[in-house]
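What follows are several structures.
What follows is subunit A paired twice: with subunit B in the first complex and subunit C in the second.
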Partner chain A sequence: MMELLMNYFSYPFVRYAFIVGVLIALCSSLLGVILVLKRFSYIGDGLSHVAFGAMAVSMVLGIVQQKMFVIMPITVIVAVLLLRHSSDSRLSGDSKIAMISVGSLAIGYLLMNTFNTSANISADVCTTLFGSTSILTLSIEEVWLCIILSLAVIGIFVFLYHQIFAITFDEDFAKATGLKTEFYNFLIAVIMAVIIVMAMNLVGSLLISALLIFPAISAMQVCKSFKMVTIVSALISVICAVAGLLFSILGATPVGSTIVATDIIAFLIMFIYGRMRK
Partner chain B sequence: MALITCENVSLGYEGTAIVENLNFTVNKNDYLCIIGENGSGKTTLMKSMLGLMKPMSGKILFSDGLKQNEIGYLPQQTMVQKDFPASAYEVVLSGCINHLGFHMHYAKKEKKKVISAMKKLNIWDLKDKSYRTLSGGQQQRVLLARALCATETLLVLDEPVTGLDFETTKQMYQLIDSLHKSGITIIMISHDPEATRKYATKILFLDHEIAFCDADEYFGRKS
Partner chain C sequence: MKKALKVMIVLFLSLTACGKKEEEIQEVEEEPVVVATPEPEYETIENLITENETEEDTQEEEEPAAEETRETAEEERPLDLDITFMSSTAIYSAVYNMIMNPEEYVGKYIKIKGFFAVGESYTGEEMYGCIIPDATQCCVQGIQFLWKGDHVYPDDYPEIGTNIIVQGIFAYDRVDEYTVAVRLEDADMFIE
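Then we have the complex of A and B:
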């Protein structure tokens, strides 16, 4: 089996897939801790559907090569708007997210169907939603973009760790003691959009929330402190991503769903372990 | 010496005023209790003093060296916090956030502050315990220690004994009283007439009529 793996690793696209997979798993698990604790899980889910809608727009415009320039700005704007108005508004937060989420999904599919530019529409939709093969077709430019963005995200988490904790635990207190909470919320929204768009390549837009939520929840089953939750969540996510990728290569299974399946197994293990310790 | 002065302050949401023409001062070493029915604007007033929302009109002035970001604040607990996976130490440390600036780590001075606040409130032995596994009274003391890290002058408390049992409530009030005696100014929203009567030195009564006076006067006591 080792030999088979070595053989696979001699292909650049397999190496790219591992680099990108590990980085995205790491970033999304860090962000996931914030989202889960701030009760924002559904915003991540909604945004991934917005990214799908934006992807459809770029396909219709016939600029699939430069799709990032369409998807990234749209997702960032929606993320900023959603976080800004999550607390005070006539429409309650979760119904607004549900509307945007299902709306973008529907409009996206409608656009792709009406302005059909490719021969195999259902394969296109399937790829965008479940990311079936896109991680194995990455170009070297995409890999570099992913590396740079991931390093930026990780850097922000390391440098602003205490601010992020203060905002996640108690936004009012943080604001009352002089922290610029609007700025940090804006930053979180931008990071969220960036990670979601990157993760679309790995698991597809439907499974992004799994990558965000599962490692964080798994870590929370056993960890007592915020620091440990963050570290364990990152570890679980990276291990699951590597295991999922290996399994999907050896077993010829779809990459995204295989990674999520290993995340589910990790959650079950942590859940049972957490219960047994009590 | 006045720490906070409210001049003709009106508070409310979306153009509808709840409280109008509010005038009062908080002096150094006051123990001010804000009382009144639900919806009379107590929490709104507190949020305005903390800079979380703007008053519709009028001014809230800080003086005597008090900066807005040096108010220690004990909010009511939210559902999110009740099962938040953070150690008690991490929560208290986050009270120092206004001293962090652009540094990546807290300095020794802040860490000493955390230790002294936690020892003062008798929760140092809980430092590695997870916040979500603490009892209601312990959680309140952790949040109080966090507030102490943010200030040396003024504590603002929003119904600090909500959900606590009789004995813990008594302890909490004694703690706040000892902080007051050590020279910290207290502003407290209170639903507890007995404690208000016992500890307050000033009363702000919010209703259709606004009353601001000495506690002795309010309760008809001779000073």
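Then we have the complex of A and C:
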């Protein structure tokens, strides 16, 4: 078995997949804790659909190699709009997410079909929505981009840990103490968009929410403090990503869904363990 | 005895049929389309592969002779790259990388496995290829091979969809800025 694994790891694309997989899993787990605690669990799903729609736009425009320059700004803008509090809005937060989510998915699919530049639409949709093998077909440039963005996200989380903690639990109190909550919400929105766009490579658009939510809620089954939830969530996310990648490569299963399946198993284990401890 | 598979897999250029490099596909679409005359039960790659799996026993009977020939071929020239130990997910990705970075593999003696298919090259000639689907079987990659020796299609070739192993020297043509046609030259082909 070890020899087989060593053989696999002698190929750059396998090493790239594990590097990027671990980094994305780590970043998404950090963000996931914030989203779950702020009750924004479904925002990730909505934004991933926006990213899919943006990718369809970039394909229609013929921007393939630099598609990140189309997907990233669109996703960031929508993330900022979704997280912005507007008391006079006629639309509630969950309605906005639902509308944007299904709207983007429908428009994206419509664009891909109407202005198809590819011979195989089903393959495009399959690989984009479910991330069948995209993590195993990364270029070195994409790996470096992912490393830089991941380090930026981790750095922001570490250096602004106390501020993020404050606005996660009680935004009004944080504002009263003089914290620039609008700025930090903007920052969270940007980080969220960046992670979602990166995670599209790992698990595909439809499965990103699982990567954000499962590790956080798994950790919450056994941990009480914000710090411990964050640490355990990161551990679970990375272990599940590595296990899922290994299983999919060795067992010839689709990468994205295999990683999510390991996340589900981890949640069930933590859930049972949490109930047994009570 | 295998059933005659009437599916003609469309093999163009690099045989890439996935969504990651859309420009390549776009170029492909401008080429004349290869005829597909599918029988209902073999319309999809899944059916093609399922059919192969049911015929593994038949193929295994042929294996000892094929194994000897394969070993002889490898003794003549040691392999630079053997990806036959990999799962289909990983083989798909490895071939994808060959197609994306063909210059890194030129002249290397490479061994791959997949299933046999016939198609039409970008020059309009009939060509024979080794096709590798991904795990979800919605995307396929493939490499054309030029079987060394005198072989006549269909008499000397296996049925379309047969699991095969191909080893040969990697070469490619750059058709345009985004499109490459990859192949294994001076190749040996064995039924898996």
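By our rule, the second predicted complex is superposed on the first by the 274 of 278 C-alpha atoms of A that agree within 3 Å, B and C clash if a C-alpha of one lies under 4 Å from a C-alpha of the other, contacts with A are read in each partner's own complex, and residues count from 1 in each chain.
Everything that follows uses one rule, which is that contacts are C-beta pairs under 8 Å (C-beta built on N, C-alpha and C of every residue); 3 or more make two chains touch, one makes a residue touch a chain.
As the structure is a prediction and not an experimental result, all values here were calculated from the model.
K.L.:
Since both structures carry subunit A, what do subunit B and subunit C do when superposed there: clash or fit?
P.N.:
Result for subunit B and subunit C: fit.
K.L.:
First (subunit B), second (subunit C), both or neither: which does A:Asn185 touch?
P.N.:
After superposing on A, A:Asn185 lies clear of both subunit B and subunit C.
K.L.:
In the superposed arrangement, does A:Arg39 touch subunit B (first), subunit C (second), both or neither?
P.N.:
After superposition on chain A, A:Arg39 lies in contact with subunit B alone.
K.L.:
So in the superposed three-chain picture, is A:Cys223 touching just subunit B, just subunit C, both, or none of them (first/second/both/neither)?
P.N.:
A:Cys223: touches subunit B, not subunit C.
K.L.:
Looking at the overlay, what does A:Ala174 touch: subunit B (first), subunit C (second), both, or neither?
P.N.:
first
K.L.:
Report, please, how wide the angle is at the C-alpha centre of subunit A between subunit B and subunit C, in steps of 10 degrees.
P.N.:
After fitting both complexes on chain A, the angle is 180 degrees.
K.L.:
Of the two partner chains, subunit B (first) and subunit C (second), which one does A:Met59 touch, if any: first, second, both, or neither?
P.N.:
So A:Met59 only meets subunit C here.
K.L.:
Once chain A of both complexes is superposed, is A:Thr253 in touch with subunit B (first), subunit C (second), both, or neither?
P.N.:
A:Thr253: touches subunit C, not subunit B.
K.L.:
Which touches a greater number of subunit A residues, subunit B or subunit C?
P.N.:
Residues of subunit A touched, subunit B against subunit C: more for C.
K.L.:
Between subunit B and subunit C, what is the tightest CA to CA spacing in Å in the combined model?
P.N.:
It comes out at 39 Å between the closest C-alpha atoms.
K.L.:
Going by the contact definition given at the top, which residues of subunit A touch subunit B in one complex and subunit C in the other?
P.N.:
none
K.L.:
Quick one: which bits of subunit C touch subunit A in the complex? Just the residue numbers, please.
P.N.:
Interface residues on subunit C, with respect to subunit A: 17-23, 25-26, 28-29, 85-90, 92-94, 96-97, 100, 134-136, 138-140.
K.L.:
Once bound in the complex, which stretches of subunit A touch subunit C?
P.N.:
For subunit A paired with subunit C, touching residues are 4, 7-8, 11-14, 59, 62, 64, 117-120, 122-128, 130, 132-134, 136-137, 139, 248-255.
K.L.:
Under the stated contact criterion, what part of subunit A meets subunit B in this complex?
P.N.:
Of all residues in subunit A, those touching subunit B are 37-39, 158-159, 161-163, 165-166, 169-170, 172-179, 220, 223-227, 229.
K.L.:
Contact residues on subunit B for subunit A in the complex?
P.N.:
My answer: residues 47, 50-52, 67-71, 73, 75, 78, 80-81, 84-87, 89-91, 93-95, 97-98, 100, 104-106, 128-130, 133, 146, 150.
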